[in-house]
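Heads up, the thing below is written out as structure tokens.
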């Protein structure tokens, strides 16, 4: 009787996560090796240590983390798994760094189907492989029914910054251009389209994507002329620019007419009383770029598939009130404020 | 978006702005009240004030149902939610509306109240069907635009014999409020000067028709132009008002003829009149108790009336005394005149309800107006 | 609160419902408040209900008037 | 009117987390800066970027992650915050690495009191400062009431391994000694004592502690004679040794009489039909050490306050069945199996 | 722990082991059945088999209430849990007990069933009081040891007029089961050889007293020694059985005199007899339907009987045919004789209930016995 | 299932309840099944109920017998 024999195979098709899968026993070990390690398959996880080791060259690294609580878990253009990989890769990439490794912590509600978990883990594995990063550490917790919403994932990413690059929100300067890599609000609208009490149909799918290759092209074109990059996720473009305004002590002046928004996204926003600049993106970035390099960076963005619709939407201005303002398509001016309240719960 | 984008054309807007500039009498001021929050929003959102001559002053009226809802009604809803069997359905705008003592439905929800944001009354029906053991209460709010949706919901609930759906009714009537403003010189005449004309509601008027305003124009001698919510609609309406004033006319004109008729939507009015009847009076924030300005369910529909069903009674609660909402809703003050604006009172932590809805005067000023506050300065 | 957008009737459904489309979005709404709608009509949608039918001729007329007023303003200024 | 003025102060005493604190708006930004940054206070977070950068020397690094879903959130000897710091530091330290940086992802249930959140964040900050690590990245999500259980925290840690050290579970060898750093089961019993349907009183408190300094002393004494280290958390000593047995292809033979267990822990285990070797620890470690260095390492452990009750409890043996067995205090033999099932949900 | 640690002394154990070794007749085999899972657990947990002479064979009896519960009773409980109003309270051991078709309460819980693990019947009372809108059902299981706690719960519920608490009763009687084993030669005589004596239950006997076993010893001519659950208690009991066998005696002896009397716990017996009465028969896994071996609530307490209240009926479901539980529970086979042992059937995925409770023969062998399976080999 | 541990009565509480202690652990249990318990008595606790009082004299007697049997075994082997 081999030790391996002392175990029944995971029944992916019919199995459900139960409390035993979180209690540190053999059921947990089997779930981790039979489902997660299968999906993420790499040498680090195979060693089954409490931590994974890797060699680094001397230099500058970055670390970032995000929790993913999106509802529903599967949406047009992705699922919580691919989102959790892309989102954290993007936060690494926004420093100009090359993402290297991810960790993933899973909090699973009792009763969650193995089949969904496998689909999600598989898309994480696929997203990581496509991006050339490795998921080298993980953790699984199971909570009682009614104490979570199916599945939450927290991922942490680390990456390495090229020599001489130091992007930071406090580096924006008066006159810098504001570039966005594409149309705004696609992710948020794709999620909304699947929410039970809205249930509209649209061809808009989430833009969820890993942006580090786009970033590499931008860095090649703009170098340290790129002052700041951010991915406008929760709170959308408005939140991102307000944050940067506060950190840099500047204001921004945008041209509404230059901001790319898909007609369907604009329409659903009007219907619901939202503003596309408040809606979440998961595969877009905002870059604040020195004016003399803005055109070169914009051209580099447009040359990359993920930046084909990139646009220059405005500039940094001196304003001790740190207002983000916008010239409306109609010729008036308005403030672009942070999102108030709670309009779109759980888009990421 | 067809029938929307065309009415947002910048070039035409600039032309009309110039036309207005040419037609205004530069020796006088024009004070127009846009009754509706929808117009307030359009004016602010598109920055129309940047296009209008300085002697046209737009006064934001009380036409936002969330803004005029007194704190007592929020408190009553919170009492409902405190009942463990109740699921309260609300339109999203209501979550942050302030009750008394810093309460709100958002806080009641965070404390465990079962509150669901719905997009439509049809969602409330679905919820009631899905959870037969819950008491689903729909927090009905809105002007004549929104009331028919509530009426249809009750009719469907009756047909489906839904026993667990009821309505907490806060529907109010536009003409009554306009009448109340015009009738009361303290409210009507701001700083001793009276309002010169009104932009009449867009979507309310699709239901009630322009004829509803004719007695008002007649009785008080004020021009009223019913206008759409697109910025060009508003520009045109302002031009039409300027012309009436200049020509000493006080007619009801219909700028929004693509959607509004003199009669309105007969079928919707019928739905409403079958189910609702006038309350003797209803409390409006800013206007006080206005006679015949609110609706309640007819006696035949009492089983759908949450106020009857759960025996909740009108609570009298004081609004925050420092909040200038009342004066602002009457057009007597501007948001920046309020000491709390932007310090204690912000959209995240609103003290008055004008700071809640994006159609509220304070919120609109916060989002769109502040840009004109101060000149840009070089950072130190 | 009185938010409303113009939408085109794409399909009439049973029970006073209809499918409408708005710039590539499809949405199911109630048409209980309007009589005699047909596919292709444009309506104003508010909280999931069609409130009013948009009259294309009137819309055209208003737009023409606006253009005229606008260019008049331009000429006169 | 200064930009700063545009905000009401956080009302820590009475405030509750609501959905607006997770929506990417100003309420969220205020919660993060007013509560988390206050508690963790360091230069990285102050820059408010999507990621934090730090310099590294060339070498070997480790990364690890854990989710914390303990219930109740406050327990004798700690709370979920200190636990989330200690637990992840320990997983870093078990490689022999010096922990450097942590990230923390918070998933908060709507209605959670600011005051509890502050107490938890403050203990995280204090635990990190005591341990000399920095929490340099964070994320906050808010989920609807009934979609979580108050608060979940996922932390990720990275650290740097001293030259020449390469601990791994596959390195255990026949004849190696098994050392534990102190009494078993304290954490699990402390948690159980607060579970509603048990409600016994005990003076046992959680052993939650950061072990990296103890580890440093052990490494100084034993160098690469230390083959493996693990912190026996969920599943206890039994899970840890079974894992190592499987990874190294060995068996273990333990002496029950040598295993330190507090009388109160033994008693509550008997009452509930549990075994202390299955109960979780959060401030203990197991080390597999080459026989010639075991005494030196044990002496080093005993010299450290967190290892005062350290003990040599058995040895690695050749066994292709990879059994962990134990000579009972009574003179018989038994298998030390993984925990079955789900006895103690949410101890970490 | 006082009254426990003293009875776990290794040195004394070795002395007694030698005494047994001296006293046994090496020409014969001694086959003793420990009826109780508690003894099975002690024997395995402390490795007593390593201390006993080879010609003493301990046969694990059916004395684990979880192990003898047929799959049908788990299926019935799952039916209860399927009712949305029901909260089922269970002792933790039951969660993994197998129903039919791979079902279990653990899976029912994962699928959304409201199942709570309780430590005591007092927890069920508290739950019922806290959630008056829920139907709290207590899954009562256990021998005479555990039945009084259920009886007290019902008495309290009656006194407190709790209308939402009931009992799914699975209490069974030890002497009836022992009688059934002794009476049936197919069960009693394993491989044609009969059992030489019994170790009688420890905690069951604190309630029912040693007198309950006297008719059995008399009728079947088998010695019975009631013994405590500490390892020295078991060692002493074995020595006492060896002596009775050697001396051809068949008495009921009481090794556990510090807690057990001839009469038992009169008050506990009264509590039980007030509330429960005998079922005509009850199904035991391994023994089949045993007459007068189970309890149900008296008619006067029918409102507390979940089987009546929710009209759930006994389901006949087949156990997995490959599972050798039945033979193992009768002592006719050993766990390793089962083809499923350790491959398909493991503690995480038990096929039979003997693999569930740590007192079950298969589980005990899994945890404690496998160590003796094969000699240690050098890893390749 | 028949798990039970010996515990000492530390305090008699109302409603047939008592506080018992076991090696530094305190636990509230029901004593509804036993009459006449007093502080200092030792009982067997099973699923939150005291099942039986432990007789110290009998315990001592059993232990002495065990020791005697043990040493007899030792002598004789």
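Which chain is which? They are A, B, C, D, E and F, in the order written, and residues in each are numbered from 1.
The rule is short, and it goes like this: a contact is a pair of C-beta atoms (placed from the backbone, for glycine too) under 8 Å apart; a residue touches a chain by one contact, two chains touch by 3 or more.
Small disclaimer: the values here were computed from a predicted structure and weren't measured.
Q: In terms of CA centroid distance, which chain is the most far removed from chain F?
A: Here the answer is chain C, farthest from chain F.
Q: When the contacting C-beta pairs are counted for B-C and for A-C, which pair yields the higher total?
A: B-C
Q: Taking each chain's centre as the mean of its CA atoms, which one is most distant from chain D?
A: C
Q: Taking each chain's centre as the mean of its CA atoms, how far is chain A from chain E in angstrom?
A: 55
Q: Which whole number of Å gives the spacing of the CA centres of chain D and chain E?
A: About 38 Å separates the centre of chain D from that of chain E.
Q: Please compute the C-alpha centroid of chain C, do the same for chain F, then give the distance between them in whole Å.
A: Averaging C-alpha atoms per chain gives centres 83 Å apart.
Q: Out of chain E, which residues touch more than one other chain, so two or more?
A: Residues 1, 4, 13-14, 93, 96, 106, 119-120, 123, 347-348, 373.
Q: Provide the list of chain C residues touching at least two other chains, using ranges where the numbers run on.
A: Those would be 3, 5, 22-23.
Q: Give the residues of chain D that touch two or more other chains, as numbers and ranges in rising order.
A: 1, 18-20, 25-27, 263, 266-267, 270, 272-273, 320-321, 337, 340-343, in rising order.
Q: Which two-chain combinations touch?
A: So, checking each combination of chains, I get A-B, A-C, A-D, A-E, B-C, B-D, D-E, D-F, E-F as the touching pairs.
Q: Quick check on the complex: what are the chain A residues that touch chain E?
A: Contact set of chain A toward chain E: 1, 5-8, 16-20, 25-27, 30, 110-111, 145.
Q: Quick one: which bits of chain F touch chain D in the complex? Just the residue numbers, please.
A: 3, 5, 22-28, 45
Q: Touching chain B in the complex: which residues of chain C?
A: Contact set of chain C toward chain B: 1-6, 8, 22-23, 30, 32-35, 42, 44, 46-49, 51-56, 58-59, 61-63, 65-67, 69-74, 76-77.
Q: Of all residues in chain B, which touch chain C in the complex?
A: Answer in residue numbers: 1-4, 6-7, 9, 11-22, 36-38, 64-66, 91, 93, 119-123, 141-143, 145-146, 148-149, 152, 201-204, 206-207, 229, 232-233, 236, 239, 255, 257-260, 265, 267-268, 271, 357, 359.
Q: Which residues of chain D touch chain E once you look at their complex with the stated criterion?
A: Going by the criterion above, the answer is residues 197-198, 249-251, 263, 266-267, 270, 272-273, 317-321, 323, 325, 328-335, 337, 340-343.
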